[in-house]
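See the structures that follow.
Two complexes are shown next, each including subunit A; its partner changes from subunit B in the first to subunit C in the second.
Let's look at the complex of A and B:
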């Protein structure tokens, strides 16, 4: 499968995943969005040396992966491009911060190493939280939740349309590269001499297609506001989910849970 | 659906100066008529249809839909009564699944959700694709996409249906289905196509255009049986008529 085909397949798989009828998918989108934002906010607020405190925040993605029946393996595969970038963020910390702050047995660990790991974990947790949101909520429902938060309709519609046009653009690029490959046997990839014309063609075709989609929307009464179906009601389960996670995040952030557990076991 | 009609008078249009695409087009189509538009070199029929739904307003002359002049201010009112099916179904379908796409128009017109659901179900039933209700758009075949495209406009309960090359990319079975379906509809239909057999099967009246002008406007039977006329404009008799010759 070509890379473009693979990308189209991944987008569709994610759409399918978000459309499934699991309990986590049925939760109110605003609740899921709020829990995700809160989780990301609290995760990034941990001090740079508080590694033990931050580690406990793994509980949220772990529980959602297990209870929500979302494949961790597929998630890592889909995020393979982003995760290394996130991990690179704090890579130079050990060079600048060499003071020893802890010992693992006889091994001295510098503050730079701890802060590097903390930064990496913050990045990984926030990316996973975002992924879990889009894997359990359709883009329409996320946009619906954003509108409930009174984000400008122009901004929300742009998110929705970019998502829709992404697959249109990829499908167009796929058709063009396939046509190229069929007439350029034995070539690996696209020769640099035709990059310009291929990119230009892709742009023109995408613009044409986008124009037609927009015309089709206008002909069906679109006047700048997307309607996302009937109003989704908040249920007791949604409120329970929201309260439980809000309480859990606050406890995990402001109480040294790991220390308490450690004291219980070590004495 | 009473007394609906389209009246086009002295319509001129060009994308670039000195290169007219449509010249002095005058056309009247009334209630329950089914009008086929065939064009000698293929230039102008999509443009004409797009002008009729107001996708381009830089034209000269007048277009009136049930005596309402086609202008920027009247577009929402006119478009509510007209359903336009694009040549390429992929240009028409953009929502995640069939139901959402068919429900798109009624929601935009501010109907309550119960009415949206009723209209959506009715549109799906009209084209006999209730079983596709929850199916993602990307999993549809070409024929199914065409049927869904038609359902997306039927949910607006239009009085007029405009179709651009409806038979393109359809296999024989889906083509037959579409012909049967169009013949079931009592709307005013304007169908632009190069597929003369399709026009023969679906339209009582045909308009032959060449070089942006109307050459002949009359009964389909008279125009599509006129081999000399068709050949003079680079067209051929419908295949089904060849066999009967």
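Let's look at the complex of A and C:
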């Protein structure tokens, strides 16, 4: 599958997931956005040698994948995209930080190894949290939440427009590159002689499309102002979800929960 | 260059969010001041275009790899820095949500590293000054390459600083910089070339779409009228000004004659010579390039101007005559 086709497929599958009628999807978008940002913030705030504390943060994605009936398999591809970048930064830690900070039995573990694993775990958890948000919330609802946070209307509107036209222009770019590939068999990518004209044609078509879009918006009464649909009310379930997770994250971050549990078993 | 959430700590992320929010707020105000309702749909569609165009692989000649378009520079060259910046934020947010390209917490850093430098530095410090006096292909190529290289270097340096401030990596900062900057120099060059190719195409097809470009004059830089005026002024300057410094010594022919015959002006005797000399003296307006009976500097200068004008008129007359005969020959 080509890169563009893959992107179109991903957008559509995420859109389908977000439009499903699960309890996670029905939660208020602002609550989900807040919980996600709080989770990411707390996860990355763990010190680089606090591996045990960080491990317990896995509860959020695990619970949501299981209870929210969201497929873990689909999120793996996103991990493949992010992990190499994180690894490149973390891979040097064992080389520069050789001081022993822990022992697993008789095996001495250096600080660099611990900080590298911590960094990778942070990468995995934060990517999964982002995926859980977008798999249960549509872009329209995220934009609604952004409006509730008083982000300017102009800014939110153009995010919605980008998303609306993204699949249209991706499909157009796909048609163009496919037509080009058929005329240039065996050639990898676009030849430098047609760099300008290929992307330029797509740009001019996009500009024309924007012109048509503006005219059609004017015909529907657009005068520079956008009006949004009905309000999404905050329910008791939303408040419960928000307070439960906020409390859980704070406890996991500031109390040595894992040590207490460990002592119960080890003594 | 998208930073993942794992690479920043909350303090650095919050600081960068604050910086990006300030730039975003200012941009919103500037776009509102422009009061162009048409711009919002254009921003939306252009954002989608950048997204789609970044998916196209452009083959880099001589290598097995490919590059993609530099979004910030392209958007600034088409929409201006403020609208371009807001569009880039939208693109980065959607990239982060849909494709996990950069994290939600690191979004402030990514906006700063990619959108701020690309749009504000690229547009206001590179594109606009270069296009101030009109647009040309060379200028577009220069501005695109310079813009992409500089903004990518700044962005890569910011990534290093943000990661270093977050105390994420044990890699010494010098080694990190040495690893990041050269690779982004190469990326910047390629992205600059692709952006230049697209903008050159736009300039050929629809030059009015380019932002910050001075309106082209109908006449070229060296138009006929312009050239004539410059030549006229030069004629007056050389004829009138420099003739004051004309040498009083004999010219080459006079010098040779003086050596051979002992005098520069040969004496001719006979009635025919005397009559011819009389006619010449009577008709000469400026005998020996001076007013009659005048040896003053002003006379020398004025004669220079007049002489030059006469030469110009004669030349122009000859040209017209030449043109006239050529035209007649064609008709025949």
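Everything that follows uses one rule, which is that the second predicted complex is superposed on the first by the 232 of 267 C-alpha atoms of A that agree within 3 Å, B and C clash if a C-alpha of one lies under 4 Å from a C-alpha of the other, contacts with A are read in each partner's own complex, and residues count from 1 in each chain.
The definition used in the following text is that contacts are C-beta pairs under 8 Å (C-beta built on N, C-alpha and C of every residue); 3 or more make two chains touch, one makes a residue touch a chain.
Remember, it's a predicted structure, so these values are computed and weren't measured experimentally.
Novice: Now for A:110: first (subunit B), second (subunit C), both, or neither, which partner does it touch?
Specialist: A:110: touches no partner chain.
Novice: Name the contact category of A:126: first (subunit B only), second (subunit C only), both, or neither.
Specialist: It touches subunit C, and subunit B stays clear.
Novice: If you count the residues of subunit A that each partner touches, which comes out higher, subunit B or subunit C?
Specialist: The larger set of subunit A residues in touch belongs to C.
Novice: Name the contact category of A:25: first (subunit B only), second (subunit C only), both, or neither.
Specialist: neither
Novice: Which of the two partners, first being subunit B and second being subunit C, lies in contact with A:164: first, second, both, or neither?
Specialist: In the superposition, A:164 contacts both subunit B and subunit C.
Novice: Examine A:154 and indicate which partner it touches, taking first as subunit B and second as subunit C; both and neither are also allowed.
Specialist: The second partner, subunit C, only.
Novice: In the superposed arrangement, which partner chain does A:140 touch: subunit B (first), subunit C (second), both, or neither?
Specialist: Only subunit B is touched by A:140; subunit C is not.
Novice: Tell me which partner A:219 touches in the superposition: subunit B (first), subunit C (second), both or neither.
Specialist: first
Novice: Regarding the shared-chain residue A:12, is it in contact with subunit B (first), subunit C (second), both, or neither?
Specialist: First partner only.
Novice: Of the two partner chains, subunit B (first) and subunit C (second), which one does A:36 touch, if any: first, second, both, or neither?
Specialist: A:36: touches subunit C, not subunit B.
Novice: Once the complexes are superposed, what residues of subunit A are shared between the subunit B interface and the subunit C interface?
Specialist: Residues common to the subunit A contacts of subunit C and of subunit B are 139, 164, 168, 209, 213, 217, 222-223, listed in rising order.
Novice: Taking the touch rule as given, give the residues of subunit A at its contact with subunit B in the complex, in rising order.
Specialist: 12, 15-16, 19, 138-140, 164, 167-168, 209, 212-213, 215-223, 227, 229-231
Novice: Can you name the residues of subunit C that touch subunit A in the complex?
Specialist: 2, 4-10, 13, 24-25, 28, 31-32, 35, 37-38, 40-49, 51-53, 55-61, 64, 66, 69, 78, 86-87, 89-91, 93-94, 96-101, 103-105, 163, 167-172, 193-194, 196-202, 205-206, 209
Novice: Per the contact definition, I'd like the list of subunit B residues that touch subunit A in the complex.
Specialist: For this pair, the touching residues of subunit B are 50, 53, 55, 76, 79-80, 82-84, 86, 88, 90-92, 94-97, 100, 103-105, 107-109, 113, 136, 138, 152-153, 156.
Novice: Hey, which residues of subunit A end up touching subunit C in the complex?
Specialist: Touch residues, subunit A against subunit C: 3-4, 7, 10-11, 14, 36-37, 40-41, 43-45, 48, 78, 81-82, 85-86, 89-90, 92-93, 95-97, 112, 115, 119-120, 122-123, 126-127, 129-131, 133-134, 139, 142, 152, 154-155, 157-166, 168-170, 172-173, 177, 187-192, 195-204, 206-207, 209-210, 213-214, 217, 222-224.
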